[in-house]
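Going by the order they are written in, the chains are A, B, C and D; count residues from 1 in each one.
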Amino acid sequence: MNITLEQAQKAIEAALEKSKELGVKMNIAVMDSGVNLVAFAKMDDAWLGSIDIAQKKAKTARFFNMNSGEIGKLSQPGQPLYNIEHSNNGLITFPGGVLIKDSSGTVIGSIGVSGSTVDDDHEVATAGAEAIK
Amino acid sequence: MNITLEQAQKAIEAALEKSKELGVKMNIAVMDSGVNLVAFAKMDDAWLGSIDIAQKKAKTARFFNMNSGEIGKLSQPGQPLYNIEHSNNGLITFPGGVLIKDSSGTVIGSIGVSGSTVDDDHEVATAGAEAIK
Amino acid sequence: MNITLEQAQKAIEAALEKSKELGVKMNIAVMDSGVNLVAFAKMDDAWLGSIDIAQKKAKTARFFNMNSGEIGKLSQPGQPLYNIEHSNNGLITFPGGVLIKDSSGTVIGSIGVSGSTVDDDHEVATAGAEAIK
Amino acid sequence: MNITLEQAQKAIEAALEKSKELGVKMNIAVMDSGVNLVAFAKMDDAWLGSIDIAQKKAKTARFFNMNSGEIGKLSQPGQPLYNIEHSNNGLITFPGGVLIKDSSGTVIGSIGVSGSTVDDDHEVATAGAEAIK
């Protein structure tokens, strides 16, 4: 199962709504289950450096089928996956990358958000992902 | 002047509408005047290789402030810009990348479309760009 | 639908058999429908430079849902897709990349072969792809 | 001395068997003594991000003629090889990359495994390497 453009746009709309509610300016990327870009939106005046980060967060979540921040706990110095970020042309392993599942729980893609604190990023990504279920 | 997300989404909607009218499956990318991604949409079952090409066409148009196909005439063997495609991490110089101007004629961004013939790609990109004026 | 490891290995075995029949030394790569590597084999003393080419041919076929050599006809100087090879971190657009379809005709992946003439490469790739149907 | 395709496929089969025994889904890569890919297998539903990591682990082991995890001890903050991962287009320095030696103890290649915990990854890689001796 793979996310459709309609679903991806719905996820982005929900993420944009949550961003406005929080008063933050985000970059939002949606990948399909094969880790290919399906939809993207950059809010006006959002950080330019976050265009890439949003995409890498979405990729990271789908690459390992877990939220990006989970990888980040394991990639710290002394932890089992130290410096895993050097793989796959660059991972981003702090929060803001979240899996998108359909109503049956199957992973159909992922969403990555970047532009504010990692807590805000994660909250906005989650709002996007939950709009699909 | 820079394109807004609202304008970019309007361009993408117009490009999607034209794609459906032509019966083609497109990847559509909108860049701002600083050559940064603002919005993207991949239609269901559009070519996976065109995700990158759509973005490179939009970049190419704005990099040199002309439609991507114009560069392609100059980059042929024996022509003045032969193999310019090696610059900027890869240009795409065939049609499908079009400048986006505001009502005063100022360039505010660009749109790149890939997924069908270059004629279709250019027609869809033009439809997207004209929705902004 | 996505190719399984069992199917990918069957395709590689068939390609190896055809290579031995032709007396050539090949590199053989199988990608899934999301353009991710599933299986690979390098015959003893096959060209080292063909390890990458085999993979790029398989990617190119799936990126545009046609045999790699079809793209190459369109990417010549003066043709509509001139220098498309600069996209997607490098395409290989001469023959040797072939789609893999299941018995219903659905694309489930692709196979890329490199190590001999492009005619041999294409013949071996075709033998691999047809072993799945 | 260099690993043959027959040996590489034998290593992969042993690694696949061990993976099934452990109930894990792995990506498995075998490099030759010149650090070139010889064989690869991605188990169904194995992590997509591990396709690259399995290859980088195998490369890392052969680059420095030691198991990948040994490098990881030396690349921690304050240690002599801090951030060596930036070299060679990206190393992966946690366990799962193991040298392959022939019966005389000569290094003939390496195997990299990724898809589970680093302990599982190392165990599966070791099973693959030992199938050659």
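General remarks:
The rule we apply is simple: a contact is a pair of C-beta atoms (placed from the backbone, for glycine too) under 8 Å apart; a residue touches a chain by one contact, two chains touch by 3 or more.
The chain list, named the UniProt way, goes like this: A, B, C, D = Heme-binding protein.
Given the structure is predicted, the values throughout are model-derived calculations rather than measurements.
The interface formed by B-C recurs in A-D: of the pairs listed in A-D, A-C or C-D, only this one shares over half of its residue-numbered contact pairs with it. Of the two chain pairs considered here, A-B and A-D, the higher C-beta contact count falls to A-D. Averaged C-alpha coordinates give centres for subunit B (Heme-binding protein) and subunit D (Heme-binding protein) that are 42 Å from one another. With centres set at the average Cα position, the gap from subunit A (Heme-binding protein) to subunit B (Heme-binding protein) is 25 Å.
Computed from the mean C-alpha positions, the centre of subunit A (Heme-binding protein) lies at a distance of 29 Å from the centre of subunit D (Heme-binding protein). Shared interface positions of subunit A (Heme-binding protein), defined as residues touching 2 or more other chains, are 32, 34-36.
Under the contact rule defined at the top, the touching pairs of chains are A-B, A-C, A-D, B-C, C-D.
In the complex of the two chains, the subunit A (Heme-binding protein) residues touching subunit B (Heme-binding protein) come out as 4-5, 8-9, 32, 34, 36-44, 48, 51. In the complex of the two chains, the subunit A (Heme-binding protein) residues touching subunit C (Heme-binding protein) come out as 32-36. Those residues of subunit D (Heme-binding protein) that touch subunit A (Heme-binding protein) in the shared complex are 47-50, 52-53, 56, 72, 75-77, 83, 85-86, 90-94, 117-118.
Only residues 34-35, 59-60, 62-65, 77-78, 80-84, 86-88, 91 of subunit C (Heme-binding protein) touch subunit B (Heme-binding protein) when the two sit together in their complex.
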